[in-house]
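A quick write-up on the structure given underneath.
Chain lettering (A, B and C) follows the sequence in which the chains are written, and residue indices restart at 1 in each chain.
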C-alpha cells in the first residue's frame, strides 16, 4: 500500500468549502447521476459528518479539542440555506442532520452558560452526547482518510492492464460441447425472471403487520344505528354476525356502550349469559355519531 | 519532446509519454501493448499507438519475435550476450504474425499442457448466472455489459467472457453515445435454441407455462 | 486433471509430455499457461496443471517475476549473465500475485500507451460517496447497509447498488440476529487494489487514535 499517496484529508475533496460556510449547494456534485434528493448535496459534502469535518478543517481546528460551538452557527446556516433552496430531503437524511445540529446547539448553549459543576443528569447527558458525536466524527474521519487511500491505490492499479485475451482457437475448440436443454419457452421464462425489476431489500423493519387495519368505532356506531333504526330489536349475536374480525366485534361492542351512554339504545337480557337484545330507543334523527369522533378517532 | 524521430505517423497520440525515457524504452512499451492485445494488431496500428514509424515498429516486432523464440536476448543485453556467445532459451510464449496482425500466443510446443489446464474445471453446462445473463442479452440486444450489470444487479464481466468464449454471444460494435461495446447473440445461439432468428424467441409475457419447474431443472442441471 | 504428485519431474506425466524435455523446460511451460489466464491463478492450480510441486512452481513464479522486473535474466542464462555482470532491463509486462493468484499485467509506466489499445475496461472513477462506502465495507465486513449508513451519516442504498453492479462488493448472507443483508468485498476488489487479501489493507487504527472500542460504544448509543 502506498502510504505516501495519502493526502491529508484537509486538502482532499474539500475544494467546495468556500469562504462562506453558507455557500449554497452546487447542484449535482459527486452524486449527480443519482436519484435527485437521495443524497444531501451541500456543495460536495455528503452527509452531516462530511460537512462538520469540512467546517472544522476550515477553521483549522483539531477535532479532539475543538469546542464545536464555534462551528455550530455555520452548520445551522448551511442547513437553512439548503432549506431555502427548497431541496427535498429524505426523512432519514434530514434527521441525521437535525440530530447533529441539535447536539451542536446543546453544546453551544452549555458553553454560554456559566461554567458549573457537573452534577445533574442533564450535564452528564450532554457530555455523553458530545463524546458520542466526537467519536462518530473521528470514526468518519478515519474512514474518509482510508477512502482517500483506496482511491489513490485504485487509480494507481488501474494503470496496470491485466492480460485477459480470448482463448486461442485451438484451445477453445477443445472445450466440451455445451449441453443445452432449454426450449425457447423455458429460455423465455428465464429471461422473464432475469428482466423483472429487482425490488431493493427493505432497509427498515416493516411495522404494518403489528397493527390490524384501523376499525373506527364511530363508523361501527353509525352502522348499528342504521340497523336498529329499522325498528326491530336485534340480538348482539345478530349485530356482529357479519363482523370480519375480532377487532370489528370489539369496535361494535364499544359502539354499543357509547350508544347506551347516549341513551339511544336499551338492552334486554332475559337470562344470565343469554342473548343480549338491543333496542333503539331514540326517535328519528335525535342522535348523531359526530361527537364520538374526539374520543375514538385518534387510535395509535 | 515526444515527436518521433523520422516520419512521424500521421497523428500524435496525445499521450504525452516519452517512451524512450521509460524503463525498457520503446521495445518494452511495444511489449506492454502486445501483452494485453486481444485481437492481432497490424504494425501500422501499433506504430500509431506508440507514435513511432511503421518501419521502427516492424523491426522491433521481428526482434521481439526472435528473442521470444530464443535466438537472441533483449537488445540492450545483445552485445554482452553475443560477447558471451550464448543463445537464450525460448520463452513460453511467442509473437506471431497472423494475417497481417501481431499477437502473443502461448508457445505451440506447450499446447498439451496448456490444453489440459484449460480443460481443468470446465463444465459442459452454463451456470445459472451465465444463463440469466444470456437471456438478458438475447432479449435486450444489442446491449452493453454495463446495462446487463444494471439489470442483473451484479458484475457480469467474467460471465460475458464465458459466453463469448462459448460462441453464444459476440460483440456488435460500440454504442455511438457511450462508446461502450455492445453484445448480441450469435447464429450458434440460434442453432442451439432451434430457431431461425431472434424474432422467433417467445414473447415475454407475465405468465409463461413451465415456469414452475424451471428452478429445480437448472439447479439439478448445473455442476 | 491429474493430481499433483510429490516428485513429478522424475516420472513421465500422464499426458505424455515431459516438460523438462521441451524447449525452455518447466519455466517456459509455466509461462505458456500464464499466457492464457483470464483471471489470477493460484500456485496450487498452476502446479496441478503442470504436474509439478507447489514449491517448485512458487519458486519459478518468483524467478519469473524478478526477471520481468529486470533484476535478473532467465535462470539458464544467469551464470553467464552474472559473469558478464549485467542486469537486464525490465520487460513491458509484469507478473503479479493479487487476490490469491498470479497474473500477467502490462507495466504501469506504459498505461497511457496501453490504454489507447484497450477498447473497454477503464472503469470510471468512483465518487467520493462510493469510495467512503467501499472503505467502510472493506474494513467492517461483513456489514449491513444500515451499519454503513450509520457510520457515514447518510443513506447508502444507491451507492451500495452501484458498488455491487461494479463487482466490488457482494452480499454475504444475512445477519442471524437482525436478518439484515450483509455485504463484503469481492476478489475483484482485491484485484483492483492489487493486494492478496483484505488483511493487506492499510491499518485503520492510525487513523482512529484511541478509538478501538468505538464500535460497541456508538452501536449502543444509536437508536
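Simple rule for what comes next: a residue touches a chain if its C-beta (ideal position, glycine included) is under 8 Å from a C-beta of that chain, and two chains touch if they have at least 3 such contacts.
For clarity, every value in this text was computed on a predicted model and none was experimentally measured.
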item	value
Chain with minimal offset from the mean of all protein Cα atoms	C
Chain pair, A-C or A-B, that carries the greater number of C-beta contacts	A-C
From subunit B, the most remote chain by mean C-alpha position	A
Whole-Å gap separating subunit B and subunit C, where each centre is the average of the chain's CA atoms	20
Distance from subunit C to subunit A - Cα centre to Cα centre, in angstrom	39
Whole-Å gap separating subunit A and subunit B, where each centre is the average of the chain's CA atoms	47
For subunit A, residues contacting two or more additional chains	161-165, 167-168, 171
Per-residue multi-chain contacts in subunit C, two or more chains	35-36, 38-39, 93, 104, 106-107, 114, 118, 161
Residues of subunit B defined as touching subunit A within the complex	35-38, 103, 105-106, 111, 114-115, 118-119, 122-126, 131-133, 135-136, 138-140, 151-153, 161, 164-168, 192-195, 200-206, 208-211, 214, 217-218, 221
Touch list for subunit C against partner subunit B, complex	1-2, 15-17, 19, 22-25, 27-36, 38-39, 45-46, 48-50, 70, 73-74, 76-77, 80-81, 83-84, 86, 88-93, 104, 106-107, 109-110, 112-114, 116-120, 161, 164-168, 170, 186, 188
Residue ranges of subunit A in contact with subunit C within the complex	1, 3, 13, 30-31, 34-35, 38-40, 44, 46-50, 90, 92-93, 96, 100, 128, 132, 135-136, 138-151, 153-165, 167-168, 171, 200-201, 203
Contacting residues of subunit A [partner subunit B, same complex]	161-168, 170-172, 174-195, 198
